[in-house]
Amino acid sequence: MTQTRARADAGNPLAGFKVGREPYFRAIGNEVELYEAAYRTRMPVMLKGPTGCGKTRFVEHMAWKLNRPLITISCHEDMTASDLVGRYLLDAGGTVWHDGPLTLAVRHGAICYLDEIVEARQDTTVVIHSLTDDRRMLPLEKKNEVVQAHPDFQIVISYNPGYQSVLKDLKESTKQRFGAIGFSYPSPEIEAEIVMREAGVDRRAADTLVCIAKRSRNLKGQGLDEGASTRMLINAGLLIAGGIPIAEACQVAMVVPITDDPDLRDALTGAIAACI
Amino acid sequence: MTQTRARADAGNPLAGFKVGREPYFRAIGNEVELYEAAYRTRMPVMLKGPTGCGKTRFVEHMAWKLNRPLITISCHEDMTASDLVGRYLLDAGGTVWHDGPLTLAVRHGAICYLDEIVEARQDTTVVIHSLTDDRRMLPLEKKNEVVQAHPDFQIVISYNPGYQSVLKDLKESTKQRFGAIGFSYPSPEIEAEIVMREAGVDRRAADTLVCIAKRSRNLKGQGLDEGASTRMLINAGLLIAGGIPIAEACQVAMVVPITDDPDLRDALTGAIAACI
Amino acid sequence: MTQTRARADAGNPLAGFKVGREPYFRAIGNEVELYEAAYRTRMPVMLKGPTGCGKTRFVEHMAWKLNRPLITISCHEDMTASDLVGRYLLDAGGTVWHDGPLTLAVRHGAICYLDEIVEARQDTTVVIHSLTDDRRMLPLEKKNEVVQAHPDFQIVISYNPGYQSVLKDLKESTKQRFGAIGFSYPSPEIEAEIVMREAGVDRRAADTLVCIAKRSRNLKGQGLDEGASTRMLINAGLLIAGGIPIAEACQVAMVVPITDDPDLRDALTGAIAACI
Amino acid sequence: MTQTRARADAGNPLAGFKVGREPYFRAIGNEVELYEAAYRTRMPVMLKGPTGCGKTRFVEHMAWKLNRPLITISCHEDMTASDLVGRYLLDAGGTVWHDGPLTLAVRHGAICYLDEIVEARQDTTVVIHSLTDDRRMLPLEKKNEVVQAHPDFQIVISYNPGYQSVLKDLKESTKQRFGAIGFSYPSPEIEAEIVMREAGVDRRAADTLVCIAKRSRNLKGQGLDEGASTRMLINAGLLIAGGIPIAEACQVAMVVPITDDPDLRDALTGAIAACI
Amino acid sequence: MTQTRARADAGNPLAGFKVGREPYFRAIGNEVELYEAAYRTRMPVMLKGPTGCGKTRFVEHMAWKLNRPLITISCHEDMTASDLVGRYLLDAGGTVWHDGPLTLAVRHGAICYLDEIVEARQDTTVVIHSLTDDRRMLPLEKKNEVVQAHPDFQIVISYNPGYQSVLKDLKESTKQRFGAIGFSYPSPEIEAEIVMREAGVDRRAADTLVCIAKRSRNLKGQGLDEGASTRMLINAGLLIAGGIPIAEACQVAMVVPITDDPDLRDALTGAIAACI
Amino acid sequence: MTQTRARADAGNPLAGFKVGREPYFRAIGNEVELYEAAYRTRMPVMLKGPTGCGKTRFVEHMAWKLNRPLITISCHEDMTASDLVGRYLLDAGGTVWHDGPLTLAVRHGAICYLDEIVEARQDTTVVIHSLTDDRRMLPLEKKNEVVQAHPDFQIVISYNPGYQSVLKDLKESTKQRFGAIGFSYPSPEIEAEIVMREAGVDRRAADTLVCIAKRSRNLKGQGLDEGASTRMLINAGLLIAGGIPIAEACQVAMVVPITDDPDLRDALTGAIAACI
């Protein structure tokens, strides 16, 4: 559990956004090199992949590696452009402008990570357009100010291909502005290593959990929207480390949260029994 | 009727949220042990089960047992992220930030119980994402502050499988963050015990009510959305203890509130007659 | 016409909500006893029945009988939780909290009557959940205050079964919290008695009006959403007492307001002719 | 053109709402007597009838005859309950409550005319419920004040049967609270009399216009939503009195405004030619 | 390019709205006489016709001719009644009422031109009802003030028959309040005259453009929503006068803006080639 | 990367909007001459063409060439007329009017570029109507001020024909006000030249990328919404210049961002292999 974030102090507005300790990240391919090449030209980056496979962890790791502050914004459908860019607030002496998190990153040079940007309303996507071409500027229309991006500023977004629909997708003209790096579940070997490290269980328990995960992922499309993520294996591992029997821990972390369908529950329970 | 809640005083902002007296809870399985194991690693917990089977009572009981303050938030579709996180209010000297109930829990270390979170708008669900992975932080975007969760903080949500629809369900990426504990109606023996204790009726009346409940639950899916809950049995018991004849008390507490269909009313009336 | 309500004075915030004179109510069954039993345990009560059959009058009568202040709230689809619970208003010295009508009732011990609660948005229904189980508390989330209900507080709602649709109905988990008392049109004998008393007409005119009402109610489902209510009979009676001929009074009070369909108008006119 | 309205002065808040000069109204049936009987018991009144047949003029006439101030509110779908009831406004010393037009009428005893109330949102309709039964009170929920209606207060609404749809209609429980008076086009004799008086044309021109109106009304349902109203005849008459030839005046006032369909225009032009 | 408008000064609130120089208008029929007759009785006027045929120019011309100030309001679907009527604004000493443009016209006697009123929300249309019958008054509901219209005030609206749909049309009860004047494209002779004067091209170029316009208008309904308007001919003429070859000028002004369909582009290009 | 924009200083409100250094633009046809002719008469201009083909760069280039300030506004569906025109803000001494970006351009004489105006709500489109005919004025309705456009002011909009739908398109009456200049992808020769200059790669790499782009564009309509834009070629080039192998760079910049369909990914991968 990292304790590295704190309130931004007045001296350096990004002081609270430095990633203090190295976040654990286990690379699968050349994602680190690709990201570094993109960052050198400050190319906007899109991280693509399913739920719980480590996209957020990766960007935290890269911000730590490049020693840049990281501002993460979880997008949602009620988020407005003002939530990103800033707004006027009423103070003792009248209205005062407060930079939003995106403006803060643009002005002072952070990596700005817009998590699941496709969830946000269109005004959010449009706001980043002038930041993702060679203009690299952010117009604050309500202030009649144009902020030229700090040389260190970069924009990163995440995108889960399984979630998009016709109604909710990025526009072509937005997608074309990004270099994209794909993510997927790690190999069994690497995944077991991650579970051991994160949950504090031994090799045997980790292998069992990875075995169950594999079978769960095979059920995807047969009633299950997504198979068990690495995150769920870690949750199961934490319960096991806390003394809960493995079958029960798997029920709590990998079965009950994701389905109420009796047949699927049976199939998942069978997968657990087969791997233990 | 517990009288344990009062206005939060200035000294300890969570003082008003301690559960003062032990709330009565009759365990059915190992739900207490599972919850304790989850709380030890501060794993987010999802309580799953039908209406009126004791999920809210359980979390009150656990908060009392673990001696942690409990902040309960009933979610609804007009709830916004600001209702959870906080907002600026205008004071004599300008705008002042007021922590919302979630921020209060995160900052000072309460158990935060989001009841029927699936009813809320998506921005609410997204707000908890960074609190339910290893970051355990809450970004207050309007303040440019990042609150690192207090070590005692834990998040608990309730989820009624019978209510979800395609339009209104938690996203896969949200579900996978939780360990889940299932709840269902207690055994006849235990349920009668609960009714006797809560309504103040004798064994015979309690057994009769449990008998009616069983028949009512068998009608589920045959026009009835859900059968009689333990809460309804207690309501009937209270009327009986207040001098209302048992058949009439059952009509008021277990028939008239849930259906206007003549056939279903007949079926339920028949069930009552058969058990008395 | 009762003249008993006046502005709440500062001394007792509920002073203006006492029902000063006995409202006329003619019981049909044991509804008074059932309500008294429910009130003794402060059980939430649902009054069920068609338009204009006396639900509002009944709750006014019971509040008078039990000598409790009554706060009535007519729900509608633009009503928000804040309208019920309260909000911050800007005063000379900054924002000041104002209790809404529900909070007023909870804090000081009134009967709170939510008329046609199903019309309100879901946040309204959710707000009452913690008031309708053994917690009996109202969280004021915007204030971070939890109000424990006054021992005299009780919640009453009305529900018209004919109005509900799939889109607009109380949730199972809300319905199960209430004891329900059913209302319907009174017997001809009692209804004539009510019309004589309320409209000031003689027995013969009252009997004629009740005769027309009966025929009108038989047309329900044949183009008419609901038959004539007791309220409409009283309106017709008032016009008769004011010198308007009975046939014309019935047109004004019982035909023209509810239908523009020529066939239905003919049928209703025929019913009037048959009873005079 | 009446010049009787002026800004409400501070002394009598309804001073500006008295109808100063007798508005011309030509009764067709016993509508005046019915209204007077309804007003004696302060029964809520619904005026039913097609566009431009004199409903507004009637209520102005009755207010003048009964010597009561008249507050007219044109309802529309963006009207809120606050627009009717009142709201807090910010003043030098903080927020101050301002009565809305309905509250003004209720408090000081005007006739309140809600024109086309069915256009308003449901909260508007619900607001009038407690004013249209024997409670005759208006709860100002935002103020926690209950206003008992002034003895002279009466509510009047208009309702155009041709406009209602399933989506937009008054609820049964609203309709049943009103006595209803029907309006339709006057007889040719009376209509010509009205046109002569209002437009200042001679008998012959008036008869011609009424002849055209009759033919136009026969086209209703054959492509035309409504036939020519008395108001349109007066408009044509005014142009004729201003020197425009009759055929051209009829085109401007009775054809071009209501249809762009060539066949209907031909039919209407033929009707004009046939009557001149 | 008229330079006649400036900020309203404090002395005469309508000073900035006088039309200073005669706007060029070439009458086609008796529209000027009809308008003058309507203005004499202050009859509300509706100008009907397709895009770019001179409705706005006509009302500017008439305002100049009658020497009345002109307030033009371009309606749109986000326009509210408050945008027309006025609102309270917060000033140093509290809230102060600011008349909207419609109220300004009503109070001080301007012609108020609501351009494409059908685009506005219904509350806008309803606001003008009491101004378009013999009451000629504007209720400012938020102020409890009734403004009696200045004797010079008149209301004018524009209406494009080609744009209306079932969802978006004026209500019958609104249409019937207006005298309507129809507009269409001028004859070739007159249109060439207009183009010469407005674009500064010679007769030959003007005739060519009018020839192209005629062919373009024949394509209406065959994939083209509307043919070339007089305004487009003037645009083409301006480019020709600026040295662009005629075929290219016609592409820029008359083809590329209105269609991307290859076949239609070919047809229009053929029309250009045929006329040059 | 241009560094030419800075905060507007108080002396000249448009000082921050001058384009300081010549933006690189490679003309394909006579677009520069057409624009200059349009600007001479201040004709409103519409730039039409697909994503990433250089419309924004063109208007930046022309503003630099004509030495006029440029205010760019990225439109989106939550943009309101107030965002363009301005609003009242609360200051120490009450409300103060702040010009929006459009008003700023109109008042002081900038070129105002509304990027993808079709995304905005209709009120935005209507606001520009009086600026795009011979009135050249902007009514600030909330201020009762009419701003006559500065002689240097011009309006430019962009329009992507591939994005329009029935629900979201400019109205005929808007389109007809503009002269339109069409844009498309440059010829292979010119495109390679642009990629070399912008990404810093050699001729061979540039030719390879242009070869891939051509094949990608042929897939348009076969599952791909749009082919690779010039912008994407530059992104790939930047990665190549940063040391990433060409096949991998093309995956990151030209495949992964735009499709998740396995067949399309194969087709694009084949296109890359064929060109290298």
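Note that the chains take the letters A, B, C, D, E and F in the order they are written out, and that residue 1 is the start of every chain.
Assume contacts are C-beta pairs under 8 Å (C-beta built on N, C-alpha and C of every residue); 3 or more make two chains touch, one makes a residue touch a chain.
Just so we're on the same page, UniProt names per chain: A, B, C, D, E, F = AAA family ATPase.
Quick caveat: nothing in here was measured; it's all calculated off a predicted structure.
Annotation of subunit B (AAA family ATPase) and subunit E (AAA family ATPase): not jointly contacted by any chain, touch as defined at the top.
Counting only chains that touch, the fewest steps needed to get from subunit D (AAA family ATPase) to subunit F (AAA family ATPase) is 2. For the touching copies subunit A (AAA family ATPase) and subunit F (AAA family ATPase), the fraction of interface residue numbers used by both falls below half; the interface is of the different-residue type.
Distance between subunit A (AAA family ATPase) and subunit B (AAA family ATPase), defined via averaged C-alpha coordinates, is recorded as 30 Å.
Mean C-alpha position of subunit C (AAA family ATPase) lies 30 Å from that of subunit D (AAA family ATPase).
Residues of subunit D (AAA family ATPase) found to touch two or more other chains are 90, 93.
If you check the complex, the residues on subunit B (AAA family ATPase) that touch subunit C (AAA family ATPase) are 1-3, 5-8, 13, 16-17, 51-52, 56, 60, 72-79, 83, 89-93, 98-101, 104, 115-116, 119, 160, 162-163, 198, 225-226, 228-229, 231-232, 235, 238-239, 241-244, 248, 252-253, 256-258, 260.
Residue ranges on subunit B (AAA family ATPase) touching subunit A (AAA family ATPase), taken from their complex, read 30, 33-34, 37-38, 40-41, 43, 46, 48, 80-81, 88, 90, 93-95, 121-123, 125-127, 129-130, 133-137, 139, 141-142, 144-148, 161, 171-173, 175-182.
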